[in-house]
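Look at the two complexes coming up: subunit A is in both, with subunit B in one and subunit C in the other.
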Partner chain A sequence: MGKALEARAISARFNEQVILREVTLHMPVNQVTAIIGPPGCGKSTFIRCLNRLHETTPGATMSGEVLLDGHSVYDMDPTEVRRSVAMIFHRPNPFPTMSIFDNVAAGLRLHGLRNRAKLAESAEQALRRAALWDEVKDRLHLYSSALSLGQQQRLCIARALAIDPVAVLMDEPASTLDPLSTLVIEELIEELKRQYTIVIVTHNLQQAARVADKTAFFLEGEMIEQGTTTALFTTPQDKRTADYVTGRFG
Partner chain B sequence: MKRVSAQGWNGLFAGVLAVCVLVVIGTGILSVTTLIVESVPSIRQFGLSFLWTPVWDPARRQYGALPLFYGSFLTAVIALLLAGVIGVTTAVSLTQIGVRWLRSVISLLLEILAVIPSVVYGVWALLVVAPLFGRWSGQAGGPSGEFAVSGFGVLAAGVVLGVMVMPTVVAVTREAIASAPKDIAEAAIALGATRQETVALAVMPFVRKGILGSLYLGLARAFGEAVAVSLVIGDQPRIGGSLFARADSLASMLAHTLTGSASPLQTAALYEIGLLLFLITTVFYGLGRSYIVREAISPRFQPW
Partner chain C sequence: MVTRVSYKTMRKLKNALFVSVLSVMTSLAVLPLLSLLWSIGFHGIAALISLSDAPLSRGVASAVLVNAFAQSLVTTASSSAIAVFLGVAAAIYSSQYAGLRVGRAIRFTVDILSGVPSILAGMVLFALLSGVSSLVAGVLALVLCMLPVVVRTADQVLVAVPVAYIEGSLALGASRIQTIFATVLPIAHKSLVTALLFVVARMAGEAAPLLIILDGGTASKGSLGFQPLPLRLYSDLTHGGSFPHQIAYVEALILLVTIMTIYGLARWVGRPDRW
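Coming up: the complex of A and B.
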């Protein structure tokens, strides 16, 4: 089971530059929440605040509260937070110097699992959940670069799932992929939401419409509107949302 | 007044450029040619055996480079062991310091270390390092004057070289760490890795080549250093077999003998040493450069 994420009045900056202003958003358990908006609207920074990745960039600061299942993540050990709230990046970033198997096992080893049989079992399970097992089971020892870009992204998903997170953040996970690989990722998201809370950033409106239960529209660092995906796309309340979803800008 | 056409200016510009380029290239070619021409008598006399003859004795007009190779290699190896271990550790540790101003201060200090004239290091070695080793090794003290009279040898020279080379190793290794891909490092952070674990898991695999490159550059520097080595190595071209034994290196021999050369043959032999030194440092420098990661993030200026 996943756990709900809730952002309360999150503001974020890089040095003096304000990126996010007082964003409040509830991301329900076992649903896909999509964050949409034009480039530079702060949507990536928003999810990077959710797992405390934002603060690892020099000059980055934030305020406000993020609750994971009701507990403030800013009261927790940051490495614990990132372990529970996984992140998939816009460009597939498997460890290039490691084999496919070692990539999936990296997180497990990091957190102290040494037993070979258990590692193999968990890795297989993660690769199955990421819908990659059948394609790689005979070549687990190859370098991750032997895989296609779409497969590499699913390898990153498997690597993230291997350490049993409760929520998965995805930062434009299909933006560098071809349409077919994108479709595979979207089907996977549909599957994954049964077990995890999913937050996906996308600049692709059709993608949000296809995969998300809930959608929030960001503009210039502020959250303009949120609601069920159907409501946001068909009966937007704010004119700026309407202009964006009908393709008048962005 | 006659106006100069655009073409005229272009011609002038090209001419000035050509002269500058020729001066730079010409200087290089000329110095190498001088080295070769001046070493001819020595090459005629000793042939290739110059490289492995274990005797350098002006009194018997016997010149062989082996004792100098011995001194150069041994001091360089000691220097690299020292600079490699301490330098790489320092570079990695710097990435672990969370306080930015402290990091800047330490980097600044290291940069200052790199620009201190080598003779200053030499004097420090003469007054501090050598006497220390002299006491450890129990080397005979002799009449003590103003300067250290014991502790001269391979180890003292190696240590001073190590201190001199270290800033280079730190700087190049830091550069390599900084150019490791950020998205791979973030993959590790997002898995819950600490700062240390991120460096070990996702940064160091990209840094190996940079470290190797920095060591080759250090080797080139250590080989070429004359003054600091000359002050403490003992100036005796012998294969002593002990770290505390006096010896001499290629560069040091050149520095302290050339002006007082006893015969034309000795001068020629010294030129040949210079030629060998030039070849060796060029090779190490080339190796070092080839390993250093080129900045791949921003597009570089490419002459078309």
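Coming up: the complex of A and C.
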């Protein structure tokens, strides 16, 4: 079952440079929230604050609160936060030294699962949920590099789902993929939102319109406007949002 | 039309000139190396044959050689083990834990240290450790020489591991240490082993720091005292006489073959293949 995420006045910096200013955003359970905005406006930085990955970069700091189901993630152990709030990156990053199976099992093994039968069962489940099982079930022991880019991205999704997260963050998950793989990923997101809270960063406005229930528009480190996707795209309140969604800049 | 042809010819001429200059320069760089390999190979094998012809010299020579080789093996292996253990640990720290500023400071220090002539390492240990067994002092001197190079090399290899994989691991809830052992080291291990073998190969022939510590030139000249291969080579060469000279050539040959074997091993480990 998913859990809601809520950002309260998040500010983030790299060294002295302020990247995010006081961003507040509620990301409801079983919905897809899309983050849109021009390059460099802090979209990635924002979702990296949600699972506390931001602070692992040297020189990166943040302030404000992130609530997961009402509990501050900054009071939790960072590894526990990242385990519950999964992240999919814009470029598929399956571990190159591991087989397809070992990639999916990696998270489970990290958290202490050793039983072979259980590992196999969970891996199959995760691969099914990521809509990859049928394509790889006969070659689980090949290196992940044997897969196409789109399959690798779904492998990363399977790897993330295997450890039962409550929310999934996706940073432009389809930006390096072909149109068909993109479609597969989008259908997958539709499917996944029944179980998880999903936050997706995207450059692609059509994609946001297709998959997101809710959309937030970022500009130069600030959250300019948020609302249901339909409202944001059809009746934006802020002129800058209107300019962006109608393609006048960005 | 005419100008066009001459332009083409000019270009060809220039190209030929440039290529020949480059080949001459390359040969100048490679020739000394080849002549060194040739002379050691030729004289070494010749010495080997003539030594093994006479039963008496064969006995003495093989005792000397086996002793020197074994001592080299022990010093190089133990100093490499210590230096690799400490150096890789330091490199893990500098590449995975240290912030930008501390990392830069470590790299700067290590760069300076690796530029220090190895004979100075011998001097420092000689001053510090008078009275300690020469094996221990020798090993420590080699460790001191290797350490900065190992740290620098390992750091470079580890820093080159793409952040995407490290973040992929962290995003699964892995701790830093789990990430290092399950992700960073498996990805880096081939280049790491290759790079470290190169460092070890260079140290196997290192004589300068040992020369001071082990006093190889005087005290144990001609005897079977503690003398790893490079030192034994030095003392046999400076001893004079044809028998020590022949042995010296065989020792040079052994040293060369050993180092080339380590290089070969390094190349083999680093072959472009799977992980």
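Methods note: the second predicted complex is superposed on the first by the 250 of 250 C-alpha atoms of A that agree within 3 Å, B and C clash if a C-alpha of one lies under 4 Å from a C-alpha of the other, contacts with A are read in each partner's own complex, and residues count from 1 in each chain.
FYI, a contact is a pair of C-beta atoms (placed from the backbone, for glycine too) under 8 Å apart; a residue touches a chain by one contact, two chains touch by 3 or more.
Just so it is clear, the model here is predicted, and its values are computed rather than measured.
**Q** After aligning the two structures on subunit A, examine subunit B and subunit C and state clash or fit.
**A** Clash - subunit B and subunit C, as placed by superposing on subunit A, overlap.
**Q** Which partner does A:86 contact after superposing on A: first (subunit B), second (subunit C), both, neither?
**A** The answer is both, since A:86 touches subunit B and subunit C.
**Q** In the overlay, answer first, second, both or neither for which of subunit B and subunit C A:160 touches.
**A** After superposing on A, A:160 lies in contact with both subunit B and subunit C.
**Q** On the A-aligned overlay, A:51 touches which partner chain: subunit B = first, subunit C = second, or both, or neither?
**A** both
**Q** Once the shared chain is lined up, is A:143 touching subunit B (first), subunit C (second), both, or neither of them?
**A** After superposition on chain A, A:143 lies in contact with subunit C alone.
**Q** Once the two structures are superposed, pull the subunit A residues common to the subunit B and subunit C interfaces.
**A** Correct list for subunit A: 51, 53, 56, 58, 79-80, 82-83, 86-87, 89, 91, 93-97, 106-107, 110-111, 156, 159-160, 163.
**Q** Name, in rising order, each residue of subunit C that touches subunit A in their complex.
**A** Those in contact with subunit A are residues 99-100, 103, 162, 164-165, 167-175, 178, 182-183, 186-187, 274-275.
**Q** Applying the document's contact rule, which stretches of subunit B touch subunit A when the two form their complex?
**A** Subunit B residues touching subunit A: 100, 181, 183-184, 186-194, 197, 201-202, 205-206.
**Q** So in the complex, the part of subunit A that touches subunit C is made up of which residues?
**A** 51, 53, 56, 58-59, 79-84, 86-87, 89, 91, 93-98, 106-107, 109-111, 143, 156, 159-160, 163
**Q** Which bits of subunit A are touching subunit B when the two form their complex?
**A** Per the touch definition, subunit A meets subunit B at residues 51, 53, 56, 58, 79-80, 82-83, 86-87, 89, 91, 93-97, 106-107, 110-111, 156, 159-160, 163.
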